[in-house]
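Order of writing sets the labels: A, B, C, D, E, F, G, H, I and J. Residues in every chain begin at 1.
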Amino acid sequence: MDFLVQINVRLPPDTPPERREELVAAEAVRARELAAKGAIFRLWRMPGRWSNVGIWRAADATELHDAISSLPLYPWLDVEVTPLARHPNDPGPL
Amino acid sequence: MDFLVQINVRLPPDTPPERREELVAAEAVRARELAAKGAIFRLWRMPGRWSNVGIWRAADATELHDAISSLPLYPWLDVEVTPLARHPNDPGPL
Amino acid sequence: MDFLVQINVRLPPDTPPERREELVAAEAVRARELAAKGAIFRLWRMPGRWSNVGIWRAADATELHDAISSLPLYPWLDVEVTPLARHPNDPGPL
Amino acid sequence: MDFLVQINVRLPPDTPPERREELVAAEAVRARELAAKGAIFRLWRMPGRWSNVGIWRAADATELHDAISSLPLYPWLDVEVTPLARHPNDPGPL
Amino acid sequence: MDFLVQINVRLPPDTPPERREELVAAEAVRARELAAKGAIFRLWRMPGRWSNVGIWRAADATELHDAISSLPLYPWLDVEVTPLARHPNDPGPL
Amino acid sequence: MDFLVQINVRLPPDTPPERREELVAAEAVRARELAAKGAIFRLWRMPGRWSNVGIWRAADATELHDAISSLPLYPWLDVEVTPLARHPNDPGPL
Amino acid sequence: MDFLVQINVRLPPDTPPERREELVAAEAVRARELAAKGAIFRLWRMPGRWSNVGIWRAADATELHDAISSLPLYPWLDVEVTPLARHPNDPGPL
Amino acid sequence: MDFLVQINVRLPPDTPPERREELVAAEAVRARELAAKGAIFRLWRMPGRWSNVGIWRAADATELHDAISSLPLYPWLDVEVTPLARHPNDPGPL
Amino acid sequence: MDFLVQINVRLPPDTPPERREELVAAEAVRARELAAKGAIFRLWRMPGRWSNVGIWRAADATELHDAISSLPLYPWLDVEVTPLARHPNDPGPL
Amino acid sequence: MDFLVQINVRLPPDTPPERREELVAAEAVRARELAAKGAIFRLWRMPGRWSNVGIWRAADATELHDAISSLPLYPWLDVEVTPLARHPNDPGPL
């Protein structure tokens, strides 16, 4: 099942640069793992914000929660999840 | 360039069934044409609503407007467009 | 998978009484069928409104959409769906 | 009487891990007590958030307030309460 | 149990005057009955609007819904209900 | 003149317990004084929140402001005031 | 006592022009009467909208309601009232 | 003085096509006149909506209102005006 | 040109009392100067809040910004500005 | 392609003055560079707020994100981006 997941990162601007870089690097590693497992299908950045929009895949909301909450930045994320149903006019995954 | 496009269809519930079916059928035809041209990349339904979420592609906002406004249901659509930038952790189009 | 489904009925107040009663009766029949199939688990009314809150069950968002859109009042419903994950402190279905 | 209770936990992300674990453990103990007393009927997690949706039971709003405010995380909770009335199409508690 | 009930009346401005007066008169009769039964405790008008704020009393949300939905203007009401708990600093009903 | 006054208390959760108890005790004393003077007519708690809803009485908005701003917790209060007019169907103060 | 009153006029655009002019003319006559009585102190238009912002004066919310609801366009008005208290830095009415 | 003006056109979708074309053509003529007078400086379309964003110029809000309300579609416009001040980093009108 | 200016003061409640009194005193001095110059025409307090509503006068938005940003509390102000146009039914400045 | 970019600066009021001046000066330098490159076309201040509205130009949302995130104040900016399409009635860039 697909989910539209909108994420705003609320890490305080005064976070020490090393801590921030460490978290961002760990986030990239975990995102690659989630992509490899098929949990993250696509990811885009919202311009001008530390925010992203993604298409995530999971068996259900519990599996989706486990995937999102495994992100190193999770404690600072403001996440909005929209469940997605198949649309008859979808061109399909190609 | 990719755009997140959220569409609510506001066709009045008391529209005559034949008119409604005619519009929905024409919409499906036009959606397939837009998919074939690469303007609509993916489309999902929001459960319980006459609403969809899609990933659209266009050279710019003008081309996107031309694509959306070519839909037969356009006069009844409530459309919200979010421009999307590349994200370094995007698994890519595969 | 469980979903929290909040529904507002927007049937116009000037709908002829017979038409309204016919729709409400058909809605009750279909709701019983959905309950028997396990699609509707629980349903409550929001006091003072023609609105309800329910716990629905479906394999995924597509099956949920099919269940909701099978309701006779569907064209007049304003529906909001929240996907639900298991909570470690849930007393369980008893 | 049933209530729909939506809870967001606003514990700051920089809370020391031991303090956080202590609070979460105490919360689980108290939630089990409230479930045993019949105050919490069902509880779900909202995916991607430190938030839950629950069906609570209490004689009235005063008893409900006493139950919610007995949670160890109460000072950090953002709580929204919706009173629920019986719905004629409710499949019932089974 | 007390409830704060905020009501906006959405009767269309082009309702024929006789129909409107008839409904308003019937509403006043029913409000007096509900006051006599103790269902409506206090009622105020919001200045400049066809809206009111009231303190209602009912055993639970189901009894409250029955009281509100017995109003002749009910099909045109937009109602918001807030459950109220006892406050230790309340001067009391005097 | 009556006013509907909705108050959220925003005292930070990490306020030292003695400071908090001191403020809450002083608040109760001042609330009793305001009730004795007829400034606070009724007060209810919103369940699950550090919030209350009250019916206040004052000659005008200036007198109301003086009453509210005399509360010891005033610097931490988020207050919303709605002026109330007489309603023809009000059962009255009994 | 002063009130900030914001008014949006919701007269449908397809109202017959004569009916509209008649209502607007009657509104101007009544506004002059309310100004002469001291009920309307100042009135401004919000640019680009059929909306106005005014400073009204009344003994209380009941008298204010009577003044606003005496406007010929009242059935089509969407009105928001904010009670105003004296400010120590106010230059005064001059 | 510059103003940011955001306009949504609310002409009903069931307006007869000739009436609609007539209004749109008259709107274009009047927009050109306002541009020639310097009242409209720039105008963009919001993609997917019958909406535009513009930079308008006027001596004050009264002159701006006169310009906007001279548009043939004015009765169906939902207009939001933001006054603009000079910014020290503005590249200037070139 | 007149502007409706709504101001919320967000000075943290834990600001040292001397600092707070110093700022409030300086604010009163500057407000008197702005009133004397004709920049502030009228000012009211919103009851129960550290907020005010004012009618300000300036040649344009740039002059208005200079006036507002000259207030000693400016760094803590949350300000909303509405441009005002002349209304044909305005009783006038008397 | 043009974008409407609305920016609120959320730098805490208690930022040391030298740090603040340093950031504002660096911001002005970078804004001039972005204007010289054609990334910022026009910029206005919203009166009474540390906020601006601008017309930005970029090949796509990715290039726009790179431009905005190159601002020295970026970690403290709250940014909202609206993609803009050509409007047939636009007077043009002159």
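Miscellaneous remarks
Everything below uses one rule, namely that a residue touches a chain if its C-beta (ideal position, glycine included) is under 8 Å from a C-beta of that chain, and two chains touch if they have at least 3 such contacts.
Keep in mind the model is a prediction, meaning the values are calculated, not measured.
Any chain that touches chain B and also touches chain J is listed here: A, H.
In this structure, the chain pairs E-G and A-B differ in their number of contacting C-beta pairs, and the larger number is found at A-B. The interface at B-J recurs elsewhere; of F-I, F-G or D-F, the pair that shares more than half of its residue-numbered contact pairs is F-G. Our note on geometry: chain E versus chain H, Cα centroid distance of 43 Å, whole angstroms. For this pair, chain A with chain J, the centres built from the Cα atoms lie 27 Å apart.
Mean C-alpha positions place chain C and chain D at a centre distance of 23 Å.
Across the assembly, chain C contributes 2-3, 45-47, 61-62, 64-65, 81, 83-86 as residues in contact with two or more other chains. Of all possible chain pairs, those that touch are A-B, A-C, A-D, A-J, B-C, B-H, B-J, C-D, C-E, D-E, D-F, E-F, E-G, F-G, F-I, G-H, G-I, H-I, H-J, I-J. Residues of chain C that touch chain A in their complex: 1-3, 60-62, 64-65, 81, 83-86.
Those residues of chain G whose C-beta lies close enough to touch chain H in the complex are 13, 45-49. Of all residues in chain H, only 3, 5, 7, 61-62, 64-65, 68-69, 75-77, 79-81 touch chain G in the complex they form.
Of all the residues in chain J, the ones that touch chain H in their complex are 2, 4, 27-28, 31-32, 35, 40-47, 52-53, 55, 82-91, 93.
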